[in-house]
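Take this structure, written in C-alpha cells, and hold onto it; I'll ask about it next.
Letters A, B, C, D, E, F, G and H mark the chains as written, and numbering starts fresh at 1 in each.
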Amino acid sequence: GFAKLDHHRKIRQGAAEVIYGAGKTPEQIRKITEAFRKKSDNAVLITRMSQEAADLVSASLPLHYNALSKTGIVGELPRKDGNGKIVIATGGTSDLPVAEEAALTAEILGNEVVRIYDVGVAGIHRLLAYSEDLMSAQVIVVIAGMEGALASVVGGLADCPVIAVPTSVGYGASFGGLSALLSMLNSCASGVSVVNIDNGFGAGYMASMINHV
Amino acid sequence: GFAKLDHHRKIRQGAAEVIYGAGKTPEQIRKITEAFRKKSDNAVLITRMSQEAADLVSASLPLHYNALSKTGIVGELPRKDGNGKIVIATGGTSDLPVAEEAALTAEILGNEVVRIYDVGVAGIHRLLAYSEDLMSAQVIVVIAGMEGALASVVGGLADCPVIAVPTSVGYGASFGGLSALLSMLNSCASGVSVVNIDNGFGAGYMASMINHV
Amino acid sequence: GFAKLDHHRKIRQGAAEVIYGAGKTPEQIRKITEAFRKKSDNAVLITRMSQEAADLVSASLPLHYNALSKTGIVGELPRKDGNGKIVIATGGTSDLPVAEEAALTAEILGNEVVRIYDVGVAGIHRLLAYSEDLMSAQVIVVIAGMEGALASVVGGLADCPVIAVPTSVGYGASFGGLSALLSMLNSCASGVSVVNIDNGFGAGYMASMINHV
Amino acid sequence: GFAKLDHHRKIRQGAAEVIYGAGKTPEQIRKITEAFRKKSDNAVLITRMSQEAADLVSASLPLHYNALSKTGIVGELPRKDGNGKIVIATGGTSDLPVAEEAALTAEILGNEVVRIYDVGVAGIHRLLAYSEDLMSAQVIVVIAGMEGALASVVGGLADCPVIAVPTSVGYGASFGGLSALLSMLNSCASGVSVVNIDNGFGAGYMASMINHV
Amino acid sequence: GFAKLDHHRKIRQGAAEVIYGAGKTPEQIRKITEAFRKKSDNAVLITRMSQEAADLVSASLPLHYNALSKTGIVGELPRKDGNGKIVIATGGTSDLPVAEEAALTAEILGNEVVRIYDVGVAGIHRLLAYSEDLMSAQVIVVIAGMEGALASVVGGLADCPVIAVPTSVGYGASFGGLSALLSMLNSCASGVSVVNIDNGFGAGYMASMINHV
Amino acid sequence: GFAKLDHHRKIRQGAAEVIYGAGKTPEQIRKITEAFRKKSDNAVLITRMSQEAADLVSASLPLHYNALSKTGIVGELPRKDGNGKIVIATGGTSDLPVAEEAALTAEILGNEVVRIYDVGVAGIHRLLAYSEDLMSAQVIVVIAGMEGALASVVGGLADCPVIAVPTSVGYGASFGGLSALLSMLNSCASGVSVVNIDNGFGAGYMASMINHV
Amino acid sequence: GFAKLDHHRKIRQGAAEVIYGAGKTPEQIRKITEAFRKKSDNAVLITRMSQEAADLVSASLPLHYNALSKTGIVGELPRKDGNGKIVIATGGTSDLPVAEEAALTAEILGNEVVRIYDVGVAGIHRLLAYSEDLMSAQVIVVIAGMEGALASVVGGLADCPVIAVPTSVGYGASFGGLSALLSMLNSCASGVSVVNIDNGFGAGYMASMINHV
Amino acid sequence: GFAKLDHHRKIRQGAAEVIYGAGKTPEQIRKITEAFRKKSDNAVLITRMSQEAADLVSASLPLHYNALSKTGIVGELPRKDGNGKIVIATGGTSDLPVAEEAALTAEILGNEVVRIYDVGVAGIHRLLAYSEDLMSAQVIVVIAGMEGALASVVGGLADCPVIAVPTSVGYGASFGGLSALLSMLNSCASGVSVVNIDNGFGAGYMASMINHV
C-alpha cells in the first residue's frame, strides 16, 4: 500500500491508533482506519478530517465525528487511567476547534479532561474563578491566539506542567499565530513548554504522556 | 549650525525642550542644550545620553543625570498640572531603564508619576496588590519585554487608556523585542496602544498628552 | 452557553456593548445580541459582521448595517458627551472600511467624529487644507496603508494625541500591512501610538477613552 | 529594595530558589542571594551569572560556579526525590553550556540526571548506542542547534515526554537558533514540546516538574 | 511567438526538453510541446501542468500525465545510461507529489530511480530497513516537509551526495516550507545541498547531472 | 594581483574611478588607488574607508578625507557638466554620513549638489521652506531612517525623479533600516525608486546618471 | 464625491491622468474616468482593472483594455516626446503582465518603448543578442522574479539608468517576490534603483520621468 | 574525553579527518588533532580556526595555517584522484575567505582546484573570459554575496553541477547573506544546489563527492 503500516504509529501509552487526515483522500483515510480496526480493538483517532472523509468513513464504520475540531473517533474510549486531571483552558471562543482536538486526543488516550473555555486575560477575574481547577490539575493545556498571554498567567498560578498551544486566531500583526507563538516561548513563567501553532493533537498527546508518567 | 533650531521641537504642552542624544557627539549635545537655555527658562530633557556627554554638559550646566536610563535634565521640573496621575508599571527589573526614561519624560512635562515596578504576570498577585493604583490612574504606561503579557492584563483591569512599551529585554525568540511588540499589538484588551520597542520617551510623552487633554 | 457573558465586555465609558463577529456564526451573533438587549437598553456594536449575519440579525432586531466596514449597530447612539471632537483621517479611499469601523465605534461610545478621508501625503496640500480641523481635534485617528507616512505628518502638525492604524492596503512589499505598521511605530513625530493592522475598532475605542478622560 | 522578594519565585516542588542573573549587577545578585539564604536553608541557583558576579558572591558565600554554563549554586543539593531519571542529550559539544544549565537546574530540584552529550543525528549509531538510557528515562531533554533534528529522532525512539531546547549554535541560515526552533516545533514525532532558544533553565525546570508529577 | 524557443532549454545531458507549465495557458503549453516535437524526437517533460492543460495536450499528442505530481511526458523515456541508481526518499506520504516530480524528471533524463517513500525520522527503524539501498546509491534525493530532519539522518548514513528538497507540507510554524528549508541548510551532515521548496524538478535534474558525471 | 583591475569599474559618465573600501585592507586600498592614478588623471573616490586606511593613503597621495561619511577623494573634482542641480535632502542629522557619501559621489561625477539637511516630516514647515529648491532640482536624493516618510512627501511635492535611500538610523522596530526601506518601496508618490539601506554611493551615482542623460 | 479629484493626480510631464483600479468598484472607476474625460482631453490610464470593470467602462467610453496586464486606456496616446528610447526587458514570460503595465504606462506618457522579453540570465546569450538595444537605450526597465539576477547583468552591461522591478513570479523561497526584491536592492552594478514588487506602473512612470529630464 | 572520537567523522572518500573549530578552545583543538594524528597518517583539516588556536597547534604539530580563511592543515595533501577539475568562482574579492575554505577542503580531499576569483556579474565580460574553464569543469562552486546572481549566470553557461554558496558579504538589505541565499535557491538555471551561508567547507566537500562519484 501507499503508506507503510507502522507499529510505532500506535500510540503506546493509551490504547489508540491515530491518523493525521490532512493531505489524505477520504478513500485513503477509510482504508487505513479499516486496516487498524482489523488488526486490533483499539480505538482510532482521525485528526484534520474533512466532512467529506467523515461521510465516507461513516458509511462502513461507527464514526463519532466532531465537526468543530474536524476530529473523528472510531471505537470505544478507553477507561480513564491517568494519574489526575488534564485541564484545557482557552483564551477565547475562537480557540475551541484547537481545544477540542486536544481534548478528544487526551480522552482517547485515557484521560479525564476538564474544559475551561473563554477565560482570556483581558478579564482576569474570569480565569481566577477557576483557580481551584487550575491548582488541582495534573497538567494544564493552555490554548490562545492573538497575544497568547494566557500561558504566562496560568503558568504563574499553577504548580503543574503547562503545555501552551498558540493558535492562528487573530488578524494583522498576529501573522498567522506567530505573535502567540513567540509570546509563549518567551513566557516569564517557569514550567511552560510549547507545541506548534494550532497543534491541539500534539498538546493533548504530550499532556497524556505527563499524566501517565 | 548643523541642526536647524526648531520651534516645533519645543514640547508645547509642558514647558520643556527635548534633545534625542543618540548619534550626537557630547559637544553637539552641549551646544544645543546651551542654545535652548539661552532662548528660555524651560527645562531641557536629554534622552539616550552617554555618561561621556553627561560629564561634558555637567561642566558648564547644572545637569541631573540618571545613569540607569541615560536621561539628563537641565533646569527645574515644572509644576504638576496634569488632570490626574500617570502610573508606570513594568514586568521585571530589567525594564527599569525604559521605565525611568518614560517617568522622567512625564515628570518634565508636568505630570505626577506613580511607579509600580516588577509586577510581571507570572505572579499575578503582585500586580493585583496594586489594583487601587491602577483604577485611580488617568493613564497607564505598561513596560515589558519577553512575552509582554502585562499590557493585556493591565488593559483588562483598568478603565483608562494604556500605552504599552515593548522592551528588548529577553533572549532567543524574543528577537530583540519583536515578541513583546507583536504581543502588545495583538492585545485582546481594548484601550491599549503601542509605541516602538524601548521607546520610554514616546510613551511618557503620549501619556502626558492624554493627561493634559 | 458557549460564550461567557461578561460584565467586563460592556464598554464602561460609553453606554454600549460590543461583539467581535469574526469567527462567530450568524446564529451565535444573533443570540449574544439578543442577550445583551434583554439585559439593558445599551446599544450593541457588532464588528467584522458578515452580510449573512446581518441578514439574520435584521430578521429579529432593528439593525443598522454598514456593509463597507462590516459593522452593525442595534439600538440608539448615545448622546455625544466627549470633551471634544475626534478627527479620523485616511491616506486613501481603500482605507475607508477601517476608517468607518473606527468612526462607528467612536460614535456608539458617545463621540462627535469628523471624517477627513483621502488626504495621503503624496499630495500634502490636500492635508494642509484641513489644518484647522486637525488643530481643533481632541484626538486624531490616522489610518493609512502602504508607507503609512500620514501618521508622522499629522503627528507633526497636531498638538493632540494621534492613534495610528496601519492597514493592509497595498501589495508586494507592503507585506499585508507590515510596511505601514513599522513606519508608524518608527514615527519621528511625538505623540503617536499604534494599534494592530486594520484594527479600526481598537483605534476608535482608544480615541473615545482619551476624549472622555 | 529594587526587586520585590517574591514567595512565588521560590521553586515550589524542589527546595531551591532561583535568580536570573542576566541584567543584574554582581552587587544585586549578591544581595538577593544573601536575602534568600537568610530566609531559609534552601539552595540557591543563579543562572546567566558572569565570572565577575561569581567572584563577588564567592567572597561572602560558599558558591559552586560552573563557568561553562555560567551557573552558580549556593547551598546543598537536595536529595533526589524524582520518580525516575532525566536524560539530557545534546547534538554537539557546542551545546554543552545550555545542557549544563539544564542539568544543574534539574539537580538542584532533586533529580537524577544522565548526560548523553554529542550524539547528533549525522552519526545515528552514536545515538542508538544509548537506546537503553533513552528507553528507561522518565523524561528526556534534547538540546541541539543547527537543524535540531535530534528532537525528532529521540522523540521517535522514546516513549516518554521530550522537552526540546533549540540552541543558537550555528551560523548563516541558523539565524541565531531560529532554524532549530522551527524544526523542533514542527517535529513529526509525538510527545515533543519546546522551550525558548538556549533556555536550559526552562527545560530543566519543566523536566523536573514532570519527574515529580 | 511569445516565448523564445531556446536551444539552451534543451536539457543537454539527457535527451529531453522541459517546459515549466506554471503560468502558461493550456494553449501555450500545447504549442510549445508541438514545436519541440517537430524539432526532434526527444521526449518532452512538462512540470506544474494542470489537468486542464493535460486534457488539451492529450487531444493531439500521446501524453502520459501523472496527476499526483502534475507532470506530463510526451515521447519515449530514453534508456538508462547513468552511472548508478538514484534513490528518492520521502519523510511522509504528503511529500509524494514533489517526489514524483523528481522521479519522473530523473527518469526522462535516463536514470534508474529507486523510490523509498514514507520513511520519516520519527520511526527511524523504517529508514534503517533501507540501509542497503541507501549505501548502494550513486546519489540520493531526500524530500521532506515539517522539520526536514530526514536530510541529516540520510546524509549521515550515506557516503554519496544528497540533494535535499524541503516541501511546503506542514502547518503553523512550518511557514510554507521555511522550517524544512532552514533545517536542511543547517544540516550537520556533510555532503548535503539544497534546492528550492517543493522543487522536485530541480532535485531530479541535479541528481541526474551527478549520476552522469 | 588579488583584484582584477577592470575598465568597467571606471565610472564612464564622469571622469572618476571608484573603490569600495569595505573589506579591503589599508594596504590594498593604497595599491589600487596608486594603480588607478598611474593609469590616468581621473579622480579616485574611495567609499567606506577607515581612518586607518585614510592615514596610510595620505602618506603617499594627496587625499581629501571626509571622516563623517568615511569617504576619500584623490585628485581634482571634474567640472560640473550635468544638466541641472541634484538636491540631497535628509530627515535628520543622523542621516548625514549617508548623505555626504551621496553628495561626494555626485560631485566627483561632475554634478552641482544642493544640500537640504534635517527636514524630516514631523515638522513639515521646515521642508516646505525649501519648496523652491525642490521644484528647481533635476533629480532629488531623499535620505531618511526610521519611518522614511520624507520620500513620499518630497515625491509628492516635486516633479522630478526621486531616489530614496533608507538608512539604518533608528532603533527597535526600525530593524536596521527595514522600516524605512519598506516605507520607501511602498511610497504612494509616483516617481520614487529606491536603493539599498545606507547606500549613499548608489544614490549619488544614479542621480548623476539621470542628471547626465 | 468619495474621492477628492486632485489636480496633482494628473501626471504632469505627459498628458495623461491615472487611476489605480485596485480596491475600487467598477462603478467608481467608471465615474472617475468620466469625470477626468469631462475636465480635459487627456488620455486616462487605469491600472489593476478587472475584466468586470473593463466591461462596464467600455459600455460608455472607448476603452482599450489589455487583459494580460489588466490595464485600460481611454483616449489617444500622446506623441512620443521623450529624449530617447525606453527598453523594457523581462527574465521570463511570466513577467509579462508587469512588463506590459510598465510599457503601457510609458507609452501613455509619451515614450517610445522597446520590448525585450524572456531574456533571463540562465541563457545569457539570449540577453547578449540585444546588446545594441541595451546600449542605445535612454533608460532601461528590468523586470524579473525568482532570483532577479537580470538587473545586475543588465546594469553591468548598460551605461544608462536601470529601474528594476521585482515580480512575485516564483514559488517556495521566492516568498512572493522577496527574493527578487532583495537581490535587486543588493545589485553589485551601479546605476540600478528599485520599485515595489510587481509595480510596473511605478517603473514605467519613473522611466518616463528620466526620459523627459 | 569531552568529544566522542567518531570513525564517521573521518571523511571517507579522501584520506582526511576534519575538525570544526568554531566553539572549541585552542586546547581542545590541539588535543583532537593529536588524537587523529596518533590514529593514522591522514591529513587533518581544521576549519574556523582562530589565530590563537593556530599558534597553539603549531607549537607541537606541523600546521599550515591559512589566515584569510581561518583554515589549518596538518599532514600531507593526498594525491589528486578526482575525475576532473573543480572550478571555484567568486563574485568579489570579499568572498575570498569562504572561497579558500572551499578550495582547501577540496584539495585535502584529493581534488585539483581551479580558482576564478572576482568575476561578478556586473562585468559579465570578466566571467565570459573564463568560459573555457567553466566548460571543462567537472563541478563548479560559485561563491557570492549581495545579490548572488553569479550562480544563475554560471549555472546557465555550464553543463556540470553547480554548488552555490551565499556569503554574508554586503550590507543593509543583504541581511547577513539572506539576499544571496534566496537568490541562489530561486535560480532559474537548472543544476544548481545550495549550501548554508558562508559554508565553504560544505561546498568543497560536496564538490569533492561529485568529483569522486
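Here is the rule we use: a contact is a pair of C-beta atoms (placed from the backbone, for glycine too) under 8 Å apart; a residue touches a chain by one contact, two chains touch by 3 or more.
What you are looking at is a predicted structure, and each value in this text was computed from that prediction instead of being measured.
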Inset, instruction - Give the chains in contact with both chain D and chain G, ordered by label. - result: E, H
Legend entry - Between chain D and chain C, distance of the C-alpha-averaged centres to the nearest whole Å: 46
Legend entry - Distance between the centres, which are taken as Cα means, of chain G and chain C, whole angstrom: 35
Inset, instruction - Pull out every residue in chain F that's touching 2 or more other chains. - result: 8, 122-123, 156, 172-174, 178, 181, 185-186, 190, 196-197
Legend entry - Touching chain combinations (by label order): A-B, A-C, A-D, A-E, B-C, B-D, B-F, C-F, C-G, D-E, D-H, E-G, E-H, F-G, F-H, G-H
Inset, instruction - In the complex, go through chain F and note every residue touching chain B. - result: 93-94, 96, 117-119, 122-123, 125-126, 169, 171-174
Legend entry - chain F partner contacts - residues on chain G that touch it in the complex: 8, 11-13, 18, 83-84, 138-139, 156, 159-161, 163, 181, 185-186, 190-197, 201-203, 205-206, 209-211, 213
Inset, instruction - Mind listing the chain B positions that touch chain A in their complex? - result: 91-92, 120-124, 146-149, 151-153, 155-157, 170, 172-175, 178-180, 182-190
Legend entry - Residues on chain D engaged by chain B in the complex (per definition of touch): 2-4, 6, 8-9, 22-24, 166, 168, 176-178, 181, 196-199
